[in-house]
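Letters are used for the chains, namely A, B, C and D, taken in the order the chains are written, and counting of residues starts over at 1 for each.
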Amino acid sequence: MTTRLCAHADEAVADVQDGATVLVGGFGMAGMPVALIDALIRQGATDLTVVSNNAGNGDTGLAALLAKGRVRKVICSFPRQADSWVFDGLYRAGRIELEVVPQGTLAERLRAAGAGIGAFFCPTGAGTLLAEGKEVREIDGRLHVLEYPIGGDVALIGAHRADRMGNLVYRKTARNFGPVMATAATTVVAQVREVVETGEIDPETVVTPSIFVDRVVQVADHS
Amino acid sequence: MTTRLCAHADEAVADVQDGATVLVGGFGMAGMPVALIDALIRQGATDLTVVSNNAGNGDTGLAALLAKGRVRKVICSFPRQADSWVFDGLYRAGRIELEVVPQGTLAERLRAAGAGIGAFFCPTGAGTLLAEGKEVREIDGRLHVLEYPIGGDVALIGAHRADRMGNLVYRKTARNFGPVMATAATTVVAQVREVVETGEIDPETVVTPSIFVDRVVQVADHS
Amino acid sequence: MTQTSPTTGGQGPLGKHDIAALIARDIPHGAFVNLGIGQPTLVADHLSPGSGVVLHTENGMLNMGPAASADQIDPDLTNAGKVPVTELPGAAYFHHADSFAMMRGGHLDICVLGAFQVSARGDLANWHTGAADAIPAVGGAMDLAIGAKKVFVMMTLFTRDGAPKLVSECGYPLTGLACVDRVYTDLAVFDITPDGVRVRQTFGIDVPELAARLGLPLQTGAPEHPA
Amino acid sequence: MTQTSPTTGGQGPLGKHDIAALIARDIPHGAFVNLGIGQPTLVADHLSPGSGVVLHTENGMLNMGPAASADQIDPDLTNAGKVPVTELPGAAYFHHADSFAMMRGGHLDICVLGAFQVSARGDLANWHTGAADAIPAVGGAMDLAIGAKKVFVMMTLFTRDGAPKLVSECGYPLTGLACVDRVYTDLAVFDITPDGVRVRQTFGIDVPELAARLGLPLQTGAPEHPA
């Protein structure tokens, strides 16, 4: 339905429920919806499952959400980084669950959720620890692992520009997980740097059409 | 490898082999690579499998290729149209094979070929004639049909503009099957209306990156 | 447009433009809608500019505008029926795999389809007559049938020969199983519910006669699960 | 860069920059290449502007340029290691699902990866030490391992403790099965072939000594299936 322009990030995440699965875009800081994560911390929802490429860096953003004990489980490709001490501590203390998914399989499982694909046979990870317990099938002489969709209750993404209808464009490699997460959640919230009038984005260049976007919040850059 | 700019459509399709599977873009006339099909007719390859949304209209283009007896099998979603008399005649005479695939499943099977997905469970067509003989599985309470990739030896597509590297943009609904077929064939040939210098297409707006494009031919519009 | 209570016959039968108007009225503000090909595309003519309804065409576009006038025709811009159309502000183009992912992924609010038959449990038959010499051609029918959040069918209730098209079991080859939510016809509007077929409105016929002609049990009264 | 015939030891061992230069020299003109993260990204420094090589970064870009200088840093433009980079003319951006579809679909000509171990049949271990307290983190390693047409590994041939990293069976958890085509090391370059490990070049060591230190049978002579 019609995309809503929210005056503040707090309004955009006001209804996130305890126990929700939250898809969080970004790769490193590029495309990271920092203002929305901060609003989610203020909002207070807990017992969350977070799906994101990483599991937080430093002490802000996703790491701050984790540090407050709001996250029950992380589904990501790469939790361990030089500055992922918050996650590392929680994990070693047994206070957070972790599902590690190869990065491309993570993207494809999100896409499957958005694209109505029930499951898919994927060659990535066949014969490795990450395929343990999964159905495996040889197709055309190659081992494939059966992978299921990952959908979210909410997606928080960072885009560059929206029009008033909710069409989105991204900028450079900040595009990353945003477009695919936007297809994969019941409620999709985008933080953007700029909102323009409908018609000002060339229809050939729209990356995420408005149909996928529920709420848009304009925030100052890098906040 | 590096995209080759061909002076003429004949050069671009010179090496299509008898027995090849040829993906042909376009939906109606929008995006139809007419000049490439005409060149393929002149080139003479036969015993072809053609994958396209339709099975030819009127007496030109794909219909002309069929009329010359060059096509053993058509894989498409919608062969029967008001002006598909060439296909209709061949089919009724038992001189051409037909595999009918739901349009979205056709697009998704092409994507799977290009994306290295071994097979996927798809709800479309479950419980219908088009699922007969296919593996069916209930996932989340819904029947799904196991669908396999459709890849091509050659893809012939129509795009709007290329740069000299082979990056492509399309125009309006002429985009249709082009981008997905460009990922799904060993050799991808694009006819375009315009070739511009590398760097003149905004990297944010590239729809088919050069990695997928082997040959580009500039042709006059609607030829 | 004629609206009546479900238990009394109003004026009828409706013409196809009346049915289209009825459907247009039931589409919520701002909905994302696919109108398939053929008769359902008439619904677009009855959507007001202020409806906020966004039309999807499966050949790769959102916010499709009306059919193109002679001087607007652009061979690169057609609807799924290959009719030249126009573009509204806020449109977006995408390729076929993305377009059908959007559909199959349940992102469209409503699609409106024609039908040969609909069964009492919502099975749809609209792609194949099953005749031995018919050339099968499915297009996007199966994708549309299972993709949208709500599937509305627009059809006459009886064939020219008087045979019901709302039936206990489809005789024609199926397009999709249990996928239809509501059926708009010249004589009545029906909801397909877990409890069976429920009459929402009738036009020039009363419910007992309707039930008799269809040979189907019909529920009446307010639906328990409004669309 | 030192090149020798496979049967005579040349100068060696090579430093990481020499190995990177060697790999760069073996990348064909116009190839589409992913350099992963860490040491393999050094290969980019040895590609000449005229090489026509197009770099892919899995976070969604083709025709990535060199690392950004201080005044070029754009937080929206990084490589897979999250290092600020630049854009070359003819670049293209795409989202993560498209980027990994490109990789998994076999469209990249070459990817270059680091490794803990490579087995004689090309199994790769580069993501997990298997230590009980290690936090598993795979990133794009498994996708890269199985995706590109050719997978090159860049590593030292022995650990600091002198243990071989080219082994008959990997002891570390695997990243991918039978996926490595060629192994570039400080002491030798190897092709993984259906007939076993074939030495292409050595640096400061001869083949018998190499075979002895590795404890592996080694083929020599021209490869039957050149990369």
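One rule holds for everything that comes next: contacts are C-beta pairs under 8 Å (C-beta built on N, C-alpha and C of every residue); 3 or more make two chains touch, one makes a residue touch a chain.
None of the values given here were measured: they were computed from a predicted structure.
The chain pair with the larger count of C-beta pairs in contact, out of B-C and A-C, is B-C.
The geometric centre of chain B is 30 Å away from that of chain C, both derived from CA atoms. Note: centroid distance chain C to chain D, computed from Cα atoms, is 55 Å. Averaged C-alpha coordinates put the centre of chain A at 35 Å from the centre of chain C. Annotation: 33 Å between the Cα-based centres of chain A and chain B. Residues of chain D in contact with at least two other chains: 61, 87, 93-94, 101, 103-104, 147.
Multi-chain contact residues of chain A (touching two or more other chains): 108, 111, 115-117, 122-123, 170-172, 203-204.
Touching pairs of chains, sorted by label, consist of A-B, A-C, A-D, B-C, B-D.
For chain B in complex with chain D, the residues that touch the partner chain are 1-2, 111, 113-117, 163-165, 167, 183, 198-199, 201, 203-204, 206, 209-212. The touching residues of chain D, counted against chain A in their complex, run 57-61, 74-78, 82, 87, 93-97, 99-101, 103-104, 128, 133-143, 146-147, 173-177. Residue ranges on chain B touching chain A, taken from their complex, read 108, 112, 115-123, 137, 139-140, 142, 144, 148, 169-172, 202-205.
Touching chain B in their complex are the following residues of chain D: 28-32, 52, 54, 56, 61-63, 87, 89-94, 101-109, 147.
Here chain A touches chain D in the complex through residues 27-31, 53, 77-81, 87-88, 91-92, 98, 100-105, 107-108, 110-111, 122-130, 143, 160, 170-180, 207, 222, going by the rule given at the top.
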